[in-house]
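Here the chain labels run A, B, C, D and E in written order, and each chain numbers its own residues starting at 1.
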């Protein structure tokens, strides 16, 4: 948002931006806008849409049209959820929390490192056409190889411990951040750059005081995309080789044809990723309202 | 400490298009020079070269003895557009130069509150640029230059979006400030009255590629007052400039 | 592999990817399936996905591990085991000559804690009176040759017909650390568990037993063909497996061998004689060809050892009991398997005795 | 770029934007800038950086420090490459082409559908705060589940043919496009919207004549990210169930421990993805220069 | 066909801030009305309400009999900033309204080439906005309004960035065009001379929240010429307005 000549009422925040200005008269559009806003306040989205999904799920699962081993009932999943939360799963006797925290322990450093690399490399590339032409083909080439291609190398170089999972997470997370950093930094208006130059702003000041706030909406979009994908990143690493983590839990669940447990693992992954996404969205709302 | 500004056979080309020059001018330290000329003749380009934001294609520009290659801390520039940062309040926009210079937040705040009445923006310290009218934004930009206390002032149509009253008021305030600190000042303007009222010299530029076609000294006594605009000498000078532009 | 419009196409699920180990199926498709008016379309994929596809009837048949059938049935999937393809459970532990086989004191590599390798390994531990917590397990994915050669683990759980040969070949090339040869400990030597076989679902047996019968009969013939004439099987498999090593000389040698074998088979040799003929052939080929050229053929011969039996395809109720016991011990069964005998059937096996 | 008050010399194109304006005098920065431009013209990136990678690879592979089954020599890979490319009557009859074209036949529709959905959904979400709050949690939840979680359902609903692979490709491709469309459309300056409204522009005109060009740099970034990931998308689908495609070839190669063939498959994937990326980059250069 | 413009007790508030009003004005069809007032008093806000871009908080604005709720095709608006699309050439920026109305490319081109000399932009048809000076950009924006041939002209400081000469020239051209088509015209300006020279009526607004404090009829004969600025009646009117603003 900030990179741009701002719309007049932008201060009302990102969600409201599209609300018609013609809103105090009784046009149809405006009633819809009001209604939208009301619903939004009521719902804040998440509870509403999850309830809808849950109802749909319940309905389909109980309709008898889908085999229960493909789509277990919500109750069965909830029961399994309850069980693995308290007693643990059947192979390791470890609880859901144990696996989740193992994955989280890889996602967090992975995300942190991936975002850092994405932003740094993106910044450098945005600034240097030379580096762009040299690096971007390599980056693209590596990003488009599936991890199985280099999995053995990963495992052998980084061991079977957490490092290789952090690395797969980094690999998945850094790319969207890189791309958005490049376009974000490049979208900073030249006239504001000139302004900063007039005050002989240092590189760091240029970055901190101009480029970051000006590119913020685009950077945050990169972060949201990365946050969403980060859990998959770690889980993919866990698929290759691991002793614990949600990736192990879901493989084990699939291996023992325990569909409810598959669902529990998948939902836990979603919950993790959604939480990370929400944190970024929260930061966005904090910084972009004002 | 004000300082000389000179250009020597300065030419700026954009690709095949010659936008400016050749222009050779000497501006003494502490002089107030106004530049007038038709739209698109290269006034902004000249100011940008003096600011170190635009490279010369031929010739050179000097700040004191130094060839201008990059912006200098001693130079304050007001751009033709307000150029505010939309994510900063009026207050923080004005304080930007101090912030970059590492001045503490309290001092910054004090300095801004000193300026706000002059800019007639007392009620808007906490407002964001998207809540300002065109003229208010321009006043914020002016505040941002003034707070910097530069030795050289480069002003590119600083009062374009101000109404007549505010404009007179602010230009006189600017003049008072200049009389105190005696910066070297170069101002682009479309308003011939304003040019005469404020400056020691008016440079008249030809259409693109702009060259200096007239260099008119304004010997009106200082400090200046709005009443001087009714003097015959004032009217005569304005008339001369008007004619020079028409050439 | 050509499509034939006159034949009805049916899908067949296989794990992993085209591989010489699946040559019986290729031979079945090329030589025998058409007799019943069908041709096969092979779908490769993840085993658990394959089970679900078969359970829903999306795919009619597939090759699935026996223990998977029990796990799946416990998980509510109505799949049935109709033909035991592998007579010996194909999992074992590969032991390089640099270590002594002492499970309690070595670092053991394993693909992961699910699937046939894991089940087989736990069965082995049980048979040895050990439990998982007594040993050091290291999940390494399907990277055993790499990890073993680099010393990442001392020994590794593997598929007996493939990885040991890969490691051996690297060792022969001096490319495997200090290791110069490997030996294999077969799970099958300790426990008789159900191995891989052809699986379908209950509904298909109910609704179209003729199709099931056709599949089993054709396959039975195909499997016998491979066992009896591996050179011919290798040649047929070339169509299906891109990665099979082949050179003009090798092809010529195999063609000659296949021809000779046909003549030999016309004399009605017994099982032992045929096994001897395979060993002789390998001996002869080794003298002529590089190990790289021969490796997949050697894999085939090693795999035939796992298939060959007096009655092909027969699945022994006792082995199901043993498998169930292992799974129960492991605690991986989600629910109740129910009637164990519903999980498999020998009803479709051709009556060999009468023919011979 | 276009969404913004443009930098003065933007017309020189995206690569040149950062070049210092002070460039005709002999400052150090300016010499570097000149040098950069020269190198860029010389290289156009790709050949140079790939040569560097190749040299590095050759050097490492021949140093004897890395086992050849982890990193085969370039020669070995090239030989394999040659073999799988010439084992038919002509190139189009070869093994490699067979698999590559199968994958390509899934990537292209997958990318097309994914981008279309990403843009459409992104557009709708950008316009409606209500839909954003309702849809975004669901989208995030599904995007953060690994495909194994719903693989069987996918295959059962969409069959074992190409459809399920196209779908996995769509699923991977659409998300970055969605996110970038949202931020792109929202970054369109309100004053230009007002301008269009003054001319009573239709919704379609608003989109075609304002929103698309104004959001173009951000949209193209989304497309580049998606293009890069599209091949992985199809390959992941091929991992579930398939009988041809690069995903099958690479599994086959890994299954037979044929490291050079693993490399050939992976490089083919990269080449496919890089080509798609280059097409987007080419469009970008065409449209953004002028 | 020109048309009346009226507002009745029009008030615009931004949150707690009253930016405008209450304002009640009647503008007859074909009248040329100038609005002057201090910076930030709500002039742009008033224009935006008339354009249908800004909702009234209280009261109403009507175009003919119709309450204004959204922009109308009959209304042409020139914004305070040039608002050009950076990805379009000068030519395509000017032709935008025609393009959106579905006029063929050839006709568009012809219409633009008719206008370019008036705007003094002949050499820049193929230039992009980032290659224009501030004044040139404003001329392009003016061209974009003129090409639309609207019944109502809303002009928000249309000549702010033009030099004195171009400004006079263009405003007289505008006047000639208006004399021919007799659109209803509302122009915000800071230049009192310009207000008198062009309009039938000058509305003077008070500081924020802007209200109409003076409604001054300009009865100077038409067609107008630049020489009229030297008339005593002209000077008197200008003086009256100046005084009204100071109130």
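By definition in this document, contacts are C-beta pairs under 8 Å (C-beta built on N, C-alpha and C of every residue); 3 or more make two chains touch, one makes a residue touch a chain.
Because the structure is predicted, anything quoted here is derived from the model rather than measured.
Participant: Would you kindly count the fewest steps from chain C to chain E, each step being a jump to a chain that touches the current one?
Facilitator: When the steps are counted carefully, the minimum from chain C to chain E is 2.
Participant: By the contact definition above, name the pair with the higher C-beta contact count: D-E or C-D.
Facilitator: C-D
Participant: Can you tell me which chain lies farthest from chain E, using the average of the Cα atoms as each chain's centre?
Facilitator: The chain lying farthest from chain E is C.
Participant: Just give me the whole-number Å value for how far the CA centre of chain A lies from that of chain C.
Facilitator: Here chain A and chain C have centroids separated by 42 Å.
Participant: At what distance in angstrom does the C-alpha mean of chain D lie from that of chain A?
Facilitator: 18
Participant: Let me have the rounded angstrom distance from the C-alpha centre of chain B over to the C-alpha centre of chain C, please.
Facilitator: 86
Participant: Please set out, as single numbers or ranges, the residues of chain B touching at least two other chains.
Facilitator: Expected reply: 14, 52-53, 70, 81, 131.
Participant: Which chain C residues reach two or more other chains?
Facilitator: Correct list: 48, 52, 56, 146, 150.
Participant: For chain D, which residues are shared contacts with two or more other chains?
Facilitator: 4-10, 70, 148, 152, 156, 191, 239, 251, 254
Participant: Would you pull the chain E residues touching chain D in the complex into a rising list?
Facilitator: Against chain D, the touching part of chain E is residues 51-53, 70-73, 75-77, 79, 81, 83, 85-87, 96-97, 99-101, 128-131, 148.
Participant: Inside the complex, what are the residues of chain D that reach chain E?
Facilitator: Interface residues on chain D, with respect to chain E: 2, 4-11, 191-192, 194-201, 205, 209-210, 213-214, 216, 290.
Participant: Across the complex, what residues on chain C touch chain A?
Facilitator: Contacts found on chain C: 48, 51-52, 55-56, 71-72, 74-77, 112-115, 118, 138-141, 143, 146-147, 150, 152, 330-334.
Participant: In their complex, what parts of chain B are in touch with chain E?
Facilitator: 14, 17, 36-40, 43-44, 80-81, 120, 131-136, 139, 157, 160-167, 190-192, 242, 245-246
Participant: In their complex, what parts of chain D are in touch with chain A?
Facilitator: These residues of chain D touch chain A: 1, 3-10, 14-19, 36-37, 39-40, 43-46, 48-50, 52-53, 70-71, 126-130, 132-138, 140-146, 148-150, 152-153, 156, 175-176, 179-180, 182-183, 186-191, 193, 217-218, 221, 224-225, 228-229, 231-232, 235-236, 239, 247, 250-251, 254, 262-263, 265-266, 269-270, 272-274, 277.
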